[in-house]
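What follows is a set of structures to go through.
Next come two complexes built around subunit A: one with subunit B, the other with subunit C.
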Partner chain A sequence: MTPLSPGFADPVLDAQACFRAVLEAMSRPGRVVVAGAALRPPAPLCRAAAAVLLTLADADTPLWSDAGANAEAWLRFHCGAAFVTAPDHAAFVLATGTPPALDALQPGSEEQPQRGATLVVQVASLGAGHGWRLTGPGIEHEHRLAVTGAPGGFLAAWAMNRARFPRGVDVVLCAEDRLAALPRTVAIQEG
Partner chain B sequence: MTGIDDPRASGTEGYNFAYLDEATKRMIRRAILKAVAIPGHQIPFGAREMPLPYGWGTGGIQVTAAILGPADVLKVIDQGADDTTNAISIRRFFTRVAGVATTESTAEASIIQTRHRIPEKALREDQVIVYQVPQPEPLSKLEPRRAETERLHALADYGLMHVRLYEDIARLGHIAKAYDYPVMVNGRYLMSPSPIPAFDNPKMDRMPALQLFGAGREKRIYAIPPYTPVRSLDFEDHPFRPIRAPHACALCGSTESYLDEVLTDDAGGRMFVCSDTDYCGERQVAVAQEAAE
Partner chain C sequence: MTRNAPHPMPDPLGERRAWMAVLARAGADDIAVLLPAMPAHERLRAPETGLVMVRGRAGGDGAAFNLGEMTVTRCAVRLGDAVGHAYVAGRDKRQAELAALVDAALQDPARRDALMEAVIAPLAARQQAARDAEARRAAATRVEFFTLATMR
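For the complex of A and B:
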């Protein structure tokens, strides 16, 4: 077995910086922010996805992943996260390949919608300024977000996810050391 | 050992950065992210015992501790004032446990923790405002059972609050709620704005800054993302009206800011002054400069 690469160099301040990046992304959907630039997670895990999980996942958050044994060993060591085999039991769902369908994940209940899962999904690239048109809370007029390598049929699945508000799944799109977030309130139109 | 009052000497020694342990911060951070994703919905969280009593802003302090970084500049206000006991205590707390810079200037702050006011100066995109909340549940005085209010929020059934406001109109001719005036967030959740004056409610609507709310004793966190519609509850024939004392500030002359009435003696003497001390101070300097020119 290959030795594990380190997590955050400064676990306290690096996690704080990453959290503020994720908070900025979640508060202003479609804005692309940088996270985990200095990390060297095992393939196929990208730096931004690794940083998000190091920052937010721990023993209290069941985790589902398709990233394979090396990535899971890394996450298990650095986050202490418990892996589950059923995606709908997970608080965080990490998808490096084709993610499970949005409606197969935990959406929370009408009374406790905060139990809805967070899907961390790796895509090929993220860019701002063109592409999808995003509107909703956090956006003054509209934000543009260009995503290459989004899961097939994502926009149709997203429209259904949004329609069941306040239940639903929140998504963090990651590519290399960049990420953008899609809270369940955001409306997406093809650009 | 150097004196504990010296922030550089004590710094974070013996404590984790910003006081809370990392597992607690992660738990609070997860709650904050879900709060942003569901604007106006109250998220339960495991509030910790803080070195201040409940009612002194423990919810706001925990939210601030979870988001605060070394580069942040922190402003804390209590009823608009930077120089009251609560504000000074919280500023000193974060100076000691996080070593962050603090300020009294609204424009210089990156994080503003507030008890019961929104600064007069418009907030920007690069700022976060953290409200201290005593009672997060707007329906608490109408329906004491938490399980029942959760269900009412799930059904978006806010008839109780409409009746409460209507009863004011029927008895008094107007809605007699001067603070903690309930709002609808993004057209879905009824939310307590915390006990800010109703005068401040319009500032919440489509504010460019992120708004976070922490209730320590009640163990709830909620949020309003930037640019989110926030509407004060009202009726077509009784529209919401922000209330302000009909005076000019005795110190800076402002006719737009929210005023505090201050008793000056025991013979009925009183004056009206800005509740926002930073705003008032800046205006006094500007007025003095104009007079000198």
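For the complex of A and C:
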């Protein structure tokens, strides 16, 4: 067990700044933003994923993660969030390795699509300008997002996730202190 | 506010519970005067003030009800590998941080005896003396009611 490290230096202002970054990423899908640059979360948690969970997760949002005991202890201390054993009961799912299948997560209902889970996936790196071709609300023509280390079969699973709109899962891709969001409305084509 | 006596049930965390209770009732200045020099600590959760709901139970076996909210300041610090926590009544952030620091230091067996002697024992004695003095003041005003029953 490694000793706990601190969370946000200023819980209110830093969480607000990170919330703004996630909002920016969600409303302009595929745009890469920086979050949590000053954090020192325990391995294998990356800074951006840690910042997203510190900002959005709390006692009302069940969490599921594959990150191991150290990361879970850190998140439990700083977010006060409860961990669940099954990913389909979680409001936020953190995947540092291979994530659970998108259709195995909570998609919300037709009446309450906001109950759909948010999947936070750690990937090797994120870049803009080449790679996936993103279109949909929030993108004027198209946006290019280069993701290395994306889960296998992700684009096929994403097409199925998008087909069940308004239900579905939103994804936040994190690499080091950079993140990009894929809300359930965005269409992705191989670049 | 009524100051309850420590919980009488034995439990494995009893010793830590007892010193945390003493620290929670001691003022920041009282702790600071007694505290020897400490190595630098890291704030895991900077002191923050909030409200907690105090719950009560009428008669000991009634249903729990919300008695009211009270202001509480909490803090968590790391000293070496030990994590110290403090929840103190009121909004004194310095007291919360000092109490958390002492809680972390007391978890280190090498420091415990010296700190118990230097910090916790004097604070506990002072708090006990204050409780006794108040109990004596209250006892002086006690009225005894007698029932006179006529037996035939």
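Here is the rule we go by: the second predicted complex is superposed on the first by the 190 of 191 C-alpha atoms of A that agree within 3 Å, B and C clash if a C-alpha of one lies under 4 Å from a C-alpha of the other, contacts with A are read in each partner's own complex, and residues count from 1 in each chain.
Here, a contact is a pair of C-beta atoms (placed from the backbone, for glycine too) under 8 Å apart; a residue touches a chain by one contact, two chains touch by 3 or more.
Please read all numbers here as calculations on a predicted model, not as lab measurements.
When the two structures are aligned on the shared chain, A:Phe77 is found in touch with subunit C, with no touch to subunit B.
Measured by the number of subunit A residues touched, the leading partner among subunit B and subunit C is B.
Applying the stated contact rule after C-alpha superposition, one finds that A:His130 touches neither subunit B nor subunit C.
When the two structures are aligned on the shared chain, A:Gly138 is found in touch with subunit B, with no touch to subunit C.
By the touch criterion defined above, A:Leu4 lies against subunit C but remains apart from subunit B after alignment on the C-alpha atoms of chain A. By the document's definition of touching, of the two partners only subunit B reaches A:Pro166; subunit C does not.
Once the two complexes are laid over each other on the shared chain, residue contacts for A:Arg40 go to neither subunit B nor subunit C. Across the superposed pair, subunit B and subunit C both touch subunit A at residues 11. Contact residues on subunit A toward subunit B in their complex (touch as defined above): 11-13, 15-17, 19-20, 22-23, 26-28, 55-58, 60-61, 91, 109-114, 116, 118, 137-140, 165-166, 170, 183-185. Within the complex, the subunit C residues that touch subunit A are 42-46, 48, 76, 78, 80-81, 83. Across the complex, subunit A is touched by residues 16-18, 22-23, 25-27, 29-39, 41, 43-44, 66-70, 125, 150-151, 153-155, 186, 188-189, 206, 208, 210, 224-228 of subunit B. Across the interface of their complex, subunit C is touched by residues 3-7, 11, 77-78 of subunit A.
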